[in-house]
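You will see chain A twice below: alongside chain B first, and alongside chain C after that.
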Partner chain A sequence: MSLGLTRAQWLAVLAVLVALALLPLGLKRFGIYMLSLWCVFVVAGHGLNLTMGYAGQISLGHAAFFGIGAYASALLVQAGWSFWLALPAAGAICVAAGLVVGFPALRVQHHYLAFATLGFNVLAWLFFRNEEWLTGGNFGVRNITRPALFGRSLDGDLAFFYACLALMAAASYATAWLLATPWGRAFAALRDNPIRAESLGIDIRAYTLAAFALGALYAGVAGAFFAPLVGYIDPSPFHLTHSLAFMMAIIVGGAGRFFGPFLGIAVLILLPEWLRGISGGALTRIAQEWYLVGFGVLVMAMVVWCPGGLLGLAGRLRRRA
Partner chain B sequence: MRTRAYAASLVLALAAAPAAAQQTVKLFSIVELSGPGTTAGTNFKNGVELAVKEVNAAGGILGRRIATETYDTQTNPQTAKALAQKAVDSEAFAVMGPVFSGSIMVSMAETRRAGVPNFTGGEAAGITLQGNPYVFRTSFSQATGMPKLANYLASGLKVKSVAIVWVNNDFGKGGRDQMTKELAARNIKVAADVSTDQGQVDFAAAVLRAKQANADALFVYLNEDESARILRELRKQGYDRPIVGETTIMGQKVIDLAGEAANGVRGHVGLTIDAPNPAIRAFGAKFEKEYNYKSDHNGIKGYFAVFALKAATEKAGKLDRKAVAQALKNACYKTAEHPGLLMDVCFDDKGDIDRESFLVEVKGGKQVVVETLPPLSKR
Partner chain C sequence: MTQPLLAVDRLSKSYGAIRAVHDVSFAVAPGEIVGVIGPNGSGKTTLFNCILGQTVPSAGAVRFRGTPLTGAAPLAVSRRGIGRTFQSLQVFGSLTVRDNLIAAAQEFQGSMAARLLAPSDAGLGARADAMIERFRLGRVARHPAGSLSYGQQKLVDIAMAFMPDPALVLLDEPAAGINPSLVEELRALLEGLNRERGATFVVIEHNMDFVMRLAQRVLVLAEGRLLAEGAPETVRAHPEVMEAYLGA
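Showing the complex of A and B:
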């Protein structure tokens, strides 16, 4: 499938993939871990970008889907399942949850939808914390093992990074493919003007539900990789604040733009770690201490002046030049 | 164009590589400097830094200077794990912290894998139950502290029923479970079992429930910041039964924040700068001079950790991580040889410690030691 890319563009994609694959060779475990986290979060970011960026459905429950996927895979693996069976199972559970959360979206929009999905996130988080018999409550699920693939253990950091990179590449390809199909255009139509979309024969009910189900699927699969990557899960990374962080990452990167999640997640996850790592003069110290403030201001500035995010900004500057 | 720019930024983002220094003992503090654990983490870090300064002034460990680096976990277990990896990558000789139990539970897998001794301020019982040969406590586990407090409730205060208010995180839940068990063993009824959230601000409902339970005493088991808030609320609602706690609620930071409302609180603490012990008093004075505030138990933990590392390294006779971890197993260290330890201490085979502890009461904005309890092994 060409996805509308020229040969040169395909070569560029390939070059970036090779560069990413070679990047960890110069890094130690910390760097490889951060890169793996980036890959996993980008997959979840694609999901939210589909739901929110392309289909226009505000979701403040993305961390909950991410958590459901993580818990489902971790608990199934601990119950003796193979990871490669637990992965689709976690995805399926998330699709089901996504459909359920999608129903309010048929009735309400914008702020009200934000509230409904926010409620879902709080509910899921309380479930993770309080149902100790299943999730381990505050003590979490420990010693989550990493899977093997074709008889090769992915336990090593580099091996698991390549698994995460492969997942990210596959998820990115699937997203690009989806966006090139009539589905992608239907999502955009739904976002821009639901009434016009319906008058053109698009079943907005089905597409709204699908937007949530698909977003949840991406988050669930990413969560399923997150659990063995960290090796331990407790309720904290699936709190509402992380749903907000997901949303901000998508907005900063550029909502409704294919490369938005790559950039937004990098700003969210890699940038603070990089700032932490460099020691230097007063300027660096200021950057370290004011990072969160800067990030917040950036999000606000983006929403007001540049709804297209950093990618939109780049495009704007290029047009002006 | 777009892709290239982003790839370039990524390469840049990961290019920072720490330089290695050979002649120093590298110590990494991985502590809570922001988020709900800020009070605990900051005290612990300051304790570590004060001790390092003293050790370096006296010639270091086996003639080598200690170099410290400090990272902030944001009270987030995943960040703590990443930072522990970073410390390992930078060839840490030992890691100090994190203090919060949830964080050390995750990060200690990294130091274990690399064989780096890791001192923690965490008190959850589970930390030393994983068979990790590289993790060492700097304070009692809940499995040690709770029985001592339950004894006090049963024979000291002679109560028949207790209301429990606890924080619903791994620290609070672990302590509450342990205490419930200890109370049942002493035929003390739990009249109310009130769970609260980490970072909770309003304790009106929790205090009301505790009051309505009409128990003989109230056991509060929260982190520092929340402890201060509930004490103010208890005073506001005129709670008049004994308020007891384990370590956190009698902390100096809590007393500072709660003000007058902290008076009358009593309970068991493993460490306090008001202990009737000249070495601890001297530490308290030095700490206050250095940082302009009074240390709580976490400051002592951090200080102790550095001297425990020094004592074990000197016993091992070489800068060898494995030998140092070995030297901390089933070993006792005396203040006569290692004054920085502040109190005689014994480590068991799991990394748990045993030493004297104290029953205290808050009077006039200060912890007052009512009784010194002997180490468990001496009873």
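Showing the complex of A and C:
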């Protein structure tokens, strides 16, 4: 499928991929790890962007799906499964969870739905923390090994980065493809005007559930890669605060915009780490100390003045120029 | 009369002690244009909502093509081939005009799973383009519907209702809030759809000139009851209608 891109646009996509592939060659271990983390979070971000940005279903449970994927894959691999079998299994578990979480969305919307999904995240987090027999509780799951592919180990940082990059490329293509099908239009119709959508034969119940299931699938698959990337998981990365962070990243990047997660996750994940890593004068120290406050203000400003996020802002400035 | 396309039999809707619609019966034949008039609060929109599944009637029955429709959900009603517009503008603001039109008909093309593998326009591009041409929306076809003027959005809204080629369309105040030249254009468009495609519609309208010239038959509601029914000139001359609604 061409996805409506011109030859020049495809070449630009290819150039970006090549640049991303070459980028870690000049980076140290930590830099490669951060880039890998960005790739994994972008995949999860695509999921939330589908659920919230495109289909208009607010979700504060995304970190829980991410955690379910991470735990499912890690535990299955430790039980002797191949990672490449554990990966779809984790995705399938998340789809099932997404369908269950999607049901409240059939009855409530907006802040009520936010509370319902928030409750799910809290429940999942309590499960990760309290069910020690399965999840290891606060001690977590240790020694999560990285997989091999076609007999080649992905244990090295660079090798696993390329696996994460391939995952991000595949997930991005799948998202673009999905949005180019009639489903993408149905999601937009559901977000813009569900009553009108229903009067035009659009099954808003089915598309709502699909939006949650797909969002959960992306988060689950991302979580499955997150576990071997970090090598150890405990409940903390799957706390409600991380669902809020995912949501803020999507809003800041541009909800309902394809490149929103790339930008939003970069601002959320890479920028603070870069700020933490650099040393400099007073200005740098201020940036390091006030980053989160600045990020919060940025989110509020985006919601009030630029609901299209940074990408929407860039578009507005381009049109004005 | 051959079997009516739509038959409403003694339909009532009460909200506590208030009877919004009371014992209303009428039928619509295939290819007919029926106007519904009445003062504000006479029950016109509630009648539409009862037919279209937005509201469950307290009593009475609705039949479409001879089969019961009473209490069916809006999705089922639309899938049965009944389109509608709402009193207020209802377009998909972020989608282009062309995408609004395709969205209006795509769910009638195969199953949900099949649409995942369908081309982006669900095979409806040509139909959407023809509708764009008919409604003279070519200049704004690639613009987001939400960015258009009220009148243009109104045209998009109405065009969307006709996109799936429904057997029956219920239009709720299509001429409200648009300028007189556009009202005339709209009347010509609706007459064209009726003449060329045999489109059947029921139109709620306050614009007397518009509805009297467009409709072949007019129903008059007052305080939830059917006050009069007949050809526009008959209704216009009906003494009770003149007293209750036309104010003459």
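Everything that follows uses one rule, which is that the second predicted complex is superposed on the first by the 321 of 321 C-alpha atoms of A that agree within 3 Å, B and C clash if a C-alpha of one lies under 4 Å from a C-alpha of the other, contacts with A are read in each partner's own complex, and residues count from 1 in each chain.
Note that in this section a contact is a pair of C-beta atoms (placed from the backbone, for glycine too) under 8 Å apart; a residue touches a chain by one contact, two chains touch by 3 or more.
Treat the numbers as computed from the prediction; the structure is a model and nothing was measured.
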>> For A:A180 in the superposed arrangement: first (chain B), second (chain C), both or neither?
In response: second
> Is A:A206 touching the first partner chain B, the second partner chain C, both, or neither of them?
Replying inline: second
>> Touch test for A:A224: chain B only (first), chain C only (second), both, or neither?
In response: neither
> Touching A:G31 in the superposition: chain B (first), chain C (second), both, neither?
Replying inline: first
> When the two structures are overlaid on chain A, which partner does A:L271 contact: first (chain B), second (chain C), both, or neither?
Replying inline: first
> Is A:D192 in contact with chain B, with chain C, with both, or with neither (first, second, both, neither)?
Replying inline: second
>> As a test of reading the superposition: which chain, chain B or chain C, is in touch with more residues of chain A?
In response: B
> A:V77 contacts which: chain B (first), chain C (second), both, neither?
Replying inline: neither
>> With both complexes superposed on chain A, which partner does A:L167 reach: first (chain B), second (chain C), both or neither?
In response: neither
> Which residues form the common part of the chain A surface touched by chain B and by chain C?
Replying inline: none
> What residues of chain B sit close enough to touch chain A in their complex?
Replying inline: 1-7, 9-14, 16, 18, 71-72, 76-78, 81-82, 85-86, 88-89, 102, 105-106, 109, 126, 130, 168-170, 172-174
> Which positions of chain A touch chain B when the two form their complex?
Replying inline: 12-13, 16, 19-20, 23, 27-31, 33-35, 37, 129, 137-140, 142, 230-232, 234, 236-237, 259, 262-263, 266, 270-271, 273-274, 276-278, 311, 314, 318
> Of all residues in chain C, which touch chain A in the complex?
Replying inline: 52, 74-75, 78-79, 83-84, 86, 90-95, 99, 102-109, 112, 115-118, 120, 122, 160, 163-164
> Residues of chain A touching chain C in their complex?
Replying inline: 4, 178, 180-183, 185-186, 188-189, 191-193, 195-204, 206, 210, 256
